[in-house]
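By written order: A, B and C. Residues from 1 in each chain.
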Amino acid sequence: MPNPRIFKPEEPWQAPEGEPIIRIENVSKRFGDFYAVDDVSLHIHAGEFFSLLGPSGCGKTTLLRMLAGFEIPTEGRIFIDGQDMTAVAPYERSVNMMFQSYALFPHMNVADNIAFGLKQEGMPKAERETRVAEMLSLVQIEKLASRKPHQLSGGQRQRVALARALAKHPKILLLDEPLGALDKKLREQTQFELVNIQERLGITFIVVTHDQEEAMTMSSRIALMRDGRVEQVDPPRRLYEYPASRYAADFIGSVNLLEGFVLSQEDNRVLVRSEEAGIDLEVIHSHPLIAGTPVTLAVRPEKVRLQNAESSLPNRLRGVIKEIAYLGDVSIYHVELPTGKRIQFTQSNIQALAEQPLTWDEEVELGWPANSCGVLEQ
Amino acid sequence: MKRRFPLLLTFLVFGYAFLYGPILSLIVYSFNESRLVTVWAGFSTKWYGELLQNDQLLGAAWLSVKIAASTATGAVILGTLAAMALVRFRRFRGRGSLQVMVTAPLVMPEVIIGLSLLLLFVAMQETIGWPSGRGQTTITIAHMTFAMAYVTVIVQSRLAHMDQSLEEAALDLGARPVKVFFTITLPLIAPALMAGWLLAFTLSLDDLVVASFVSGPGATTLPMVVYSSVRLGVSPEINALATIIVLCVSVAVLIAGILLYRQEKRAQREQNMLNATQAADVAERAQASR
Amino acid sequence: MKRFPFTAWDAGRRAMPLLSRLKGRGLIIGVPWFWLGLFFLLPFLFVLKISLAEPALAQPPYTDLIEVIGDGLVSISLNFGNYVLLWDDPLYRGALFGSIQIAAVSTLVCLLLGYPMAYAIARAPSHWRLPLLMLVILPFWTSFLIRVYAWIGILKGNGLLNNFLLWTGLIDQPLEILHTPLAVYIGIVYSYLPFVVLPLYATLIRLDLTLLEAAADLGCRPWKQFLLITLPLSLPGVIAGGMLVFIPVVGEFVIPDLLGGPDTLMIGKLMWTEFFSNKDWPLASSLAAVLLVVLIVPFVALRHFEQKAGEEQP
C-alpha cells in the first residue's frame, strides 16, 4: 500500500527568503469565452514534487502546457528561475515535458528518441552516447536501446518517455498524467520509482494527475484545481486533514459533512449546533469565529469510532446501521441518525473470519475526538 | 450473415468482371495478328513493334511524362502546404475559402476547368505578357491546380491522424519548427506524400480535356494523340499502348499493395508480440512486488 | 476580478495556438491560397466576363466589354444574348436537362451496383479487404480514355458483345448499342463506379457491428437490421459517393463523345463543339457559367455531408 511521503524538515515553500523556481502570477487562459485557467497564482520551489490535481476539464493540463510554452497565457505572467518566460517558445525553455501519450517518435529507435533533444543542442557524439547510456540505465532499459517504440510494452514506453525528457537535464520536468496509461499494479510500482528518480536527480517535477491516490503518494505539495482555479495548495497530509473547502474535503478521500452554526468559542474550543446531527458538536479550531456563523464540519470516516465502556469521546451520536460494505482491509458502515442524516465510519478488519461484531439494524453509539474534525467556513 | 454471403459474393464477382472485362479484352486483342479487332487471326506482337516506330506517339508520351513529373512534384508541395494550413491552423482568415477551393477541383467538370484556365491565360498574356504562349508550362500549371486537390485530401487525412504531441515533443526537446517539420513531420507523412505524388502523376498523364484547352500548337500530349486516333475507330496500336499502360500501372499498384499488406502484417505481428510482452511485464512485476 | 495588467491587445494577439506564431505561417497558408485563388477562382470571373462578350474574328476571338472610344469616353457593351439563346434554343435547353438526367440515372445505377460491392468488401474477412479494395482502385489508375475506348470494341456493331450474342444464338441480328444513350450509361457507370465504392466502403467499415448485434438482440431480423441500422448510418457515404459521380458527369465530355451518338446531347460535349469547332468562345463560356450555377447545389450538399462524415469519425 502506498504510504504518504516522508517529509524532509526543510520544506522549501516555508522559507520566506527562498526565490521560487517557478512564479505563476495571475495567469488566465481563455479559449473563446471559456476560461480554461482563471487567475491562477502559484509559487513552486526548486526540488519540489508538485502535483496539479483535479477532475478532467479543471484546467490543470492547460496550466502545464503554458509552463511548457505550448500555450501563451491570455493574461498574467510566468517566471522561471526569475526570468519572464510568458511568451518564450518551447524550444527555448529549459523545461522538458513527458507527454500523456508519451509521443515517442515512431520512426526512431529508443536510443535515437532519447538522443533527440541532445542533438538539438549540438552535443558532441561521444558525450551524447554517454548521456544516453546513463539515461537508459537510470530507467533500467539498457537492453531496449535499439528497439522501435512499437516493439515496446506500455511500461517500457513510459520509461523511454521519461528518459527522453530527462536527457537534457532540465531544471524542471513537466509530467502530464505520467502513469495514466499503465495498469493499476504497474502504476503503484512506478509511483515509487518516479519519486526515487526525482530525489536522486533533484529536478523539480510538476505532475498533472486526476488520481488523488497518485498525487497523495508522490507529491511534496498538491494544488487542487477546480473550474480553472486553484482551490487549495498544501502538502498531502494537510490537504487531507485540513481541507479548506467542501470541494477539497470531498475530492480527496470520503468525508462526513455536517451543517451547523457556531454557538460559542472558548480559547480554541468551538461549540457548533447542528440540526443534522441533532446535538451540539465540539471541535478544536484556532481561527476566531463569531457566534452565529454558519459552518460545515468535516469528519473523515476513519476518525469516527464506536463508543464503548472505556472510551468517552465527545460528540456522542446514536444511530442504526443501514449499510455495510466489506472491502477486505476495512468495512464501511452507514449509520442513520434519528434526524435522517447518515454518517459513515470505517473499521479495520483485524482478524480474518472473525465474527462480524456489527450487523444491519443494530443500534450503535458513535463519537469522534474534538481535534479530529475540520471546520469549513463558507 | 453467412446465409447472405453467396449473394454478396455474386455481386463481387459480377462487379469485378464488369470492371476488368473491358481491360482484358484490350489486352487480348493487342496480340491479334489482324487489324480487324473482331476477328482473331492468330497471335502476334507486331503492333508493339509499330508502336515503337510511331515517332509522333513517342514524342507525345515523352512530353506527357515530363509534364506529369513536374505536375506531381509541384502538386505535392502545394497540396502539403494546403493540408498543413487546414489541419494545423485551426482559425485563420480565408480558411473556409481555402477548404472550398481544394475540394471543388475534385468534382469540377474538366471542361469548366479547362475553359476557365484558358481564358485566364489569354487574359494574362494580353495584360502582363506572361505566359507568352500556351504549351508545356500552361498544361503543367493547369494540372497542378487540380492535382493538388487530390494530394491535399490524402495528406490532410494523414496529418489529422497524426498525434500532434509528437511535434510538440520535438519542440519541447529544443528543435525549431522548421527542423521539427523535416525530422518528425516529413518522415511520418512520407507514405502519404508518395501516394499523392503517384496519384498526381497518373492524373496528369491521363488528362485529355484540360490539356486540350490550355495547350498550344506545339504541345500535343499522349492522351491528345490517343484521342484523335480513337475517334477514327478501334486500332490495334492503341490496344498495344493500352496494354503497356495497364501493365505499368498494375505493377506499380501491386508493389504498393504488397508493401502495404506486409506493413499491416508486420504491425499485426508486432501488436501480438506487444500484447505478450505486456502480459509478461505485468506478471513479472506482480512477482517482484510480492 | 483582479487581473495582471498584461495588455489585452498583446494577449489577444498572442493567444493563438503555438504553431500559429511561427514565421512560416503566412507562407504555409498564403502559397496554396494564392495559387488556387489565381488559377482556380479568378478564371471563373473571366468565364463570366467572356460569356457577356460577342464572338469576333480576332485573336482572341471575342469583343471587349469595355472600349475606350476617344475623348475619355468609355463604352460598355454587355451581351446577354448568349443566355437568352441558351434558354430559347431547344438544343441547349435539351442538352442541359439531358445532362442532368443522364447524370442522375447513372448516379443511381452506380449506387445500386456499388453499394453491394462496398458492403461485401467491408464484410469480407479482414485479410481480403485490402486486396479487394485495391482491385476496385486499380482501374481508376489506368487511363480513363483507354477504358472508355475499350467499350467501343465491345459495343460496336461487329464488336465482342454482338459476336458473343450471335454465337450463343440469343440474337440473330447485331444489336445497335454503340452511339446510343445506353452506351453512354454503360461508359459512365463503368468509369465512375470506383468513386462510389470507396466512400461507401469508408462509411461501412466504420459501422460498429455491435449495433447490429444489439438490433438482433432486440428482435430485429437481418433484412430489417440493414434497413433500420446499416442504411441510415451509411447515408453520408451514399450522398458523398453519389455527388462524386453526379457533379463531374453532368459536365462529362469524353464518354458522350466517344460512345454517344449525334442525338446524345450533353452540355460538356456541346461546350467542346462550340469552343473547338465553332470557335464561339462567348457561347462556350456562357454554357460553362450555366453549368457552374447548376452544380452549386449538389456541391454544397457534398461539402455538407463530407463534413458530417468527418465529424462522426471517432
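Definition applied: contacts are C-beta pairs under 8 Å (C-beta built on N, C-alpha and C of every residue); 3 or more make two chains touch, one makes a residue touch a chain.
These figures come from a predicted structure and were not determined experimentally.
Asker: Ranking chain pairs by contacts, what comes out on top?
Answerer: Result of the pairwise contact count: B-C comes out on top.
Asker: If we define chain centres by averaging CA atoms, which chain lands farthest from chain A? Would you check?
Answerer: C
Asker: Whose C-alpha centre lies nearest the centre of all protein C-alpha atoms?
Answerer: B
Asker: Quick check: how many Å separate the C-alpha centres of chain B and chain C?
Answerer: 17
Asker: So what's the Cα centroid distance for chain A and chain C, whole Å?
Answerer: Computed value for the inter-centroid distance: 57 Å.
Asker: Just the number, please: Cα centre separation of chain A and chain B in whole Å.
Answerer: 53
Asker: Give me the residues of chain B that touch two or more other chains.
Answerer: Residues 168, 171, 177 of chain B each touch two or more of the other chains.
Asker: If a residue has to touch 2 or more other chains to count, which residues of chain C qualify?
Answerer: In chain C, the residues touching two or more other chains are 16-18.
Asker: At least two other chains touched by the same residue of chain A: list those residues.
Answerer: Residue numbers touching two or more other chains: 69-70, 89-90.
Asker: Which positions of chain B touch chain C when the two form their complex?
Answerer: 1, 3-4, 7-9, 11-12, 15-16, 18-23, 25-26, 29, 37-38, 78-79, 81-82, 84-85, 88-92, 94, 97-98, 100-113, 115-117, 119-120, 122-123, 126, 141-142, 144-145, 148, 152, 167-168, 171, 177-178, 199, 202, 205-206, 208-209, 212-213, 223, 226-227, 230-231, 233-234, 238-239, 241-242, 245-246, 249-250, 252-253, 257, 260-261, 264
Asker: Give every residue of chain B touching chain A within the complex, in rising order.
Answerer: Residues 163, 165-166, 168-177, 179, 183-184, 187-188, 267, 270, 273-274, 277-278, 280-282, 285-286, 288-289 of chain B touch chain A in their complex.
Asker: Contact residues on chain C for chain B in the complex?
Answerer: So the residues of chain C in touch with chain B come to 16-20, 22-25, 27-29, 31-33, 35-44, 46-47, 49-50, 60, 113, 116-117, 119-121, 123, 130-132, 134-139, 141-147, 149-154, 156, 158-160, 163, 190, 193-194, 222, 243-244, 247-248, 250-254, 257-258, 268, 271-272, 275-276, 281, 284-285, 288, 291-292, 295, 299, 302-303, 306.
Asker: Using the touch rule from the top, collect the residues of chain A that touch chain B in their complex.
Answerer: 68-70, 89-92, 95-97, 99-101, 103, 105-107, 116-117, 120-121, 150-156, 164-165, 168, 183, 185-186, 188-189
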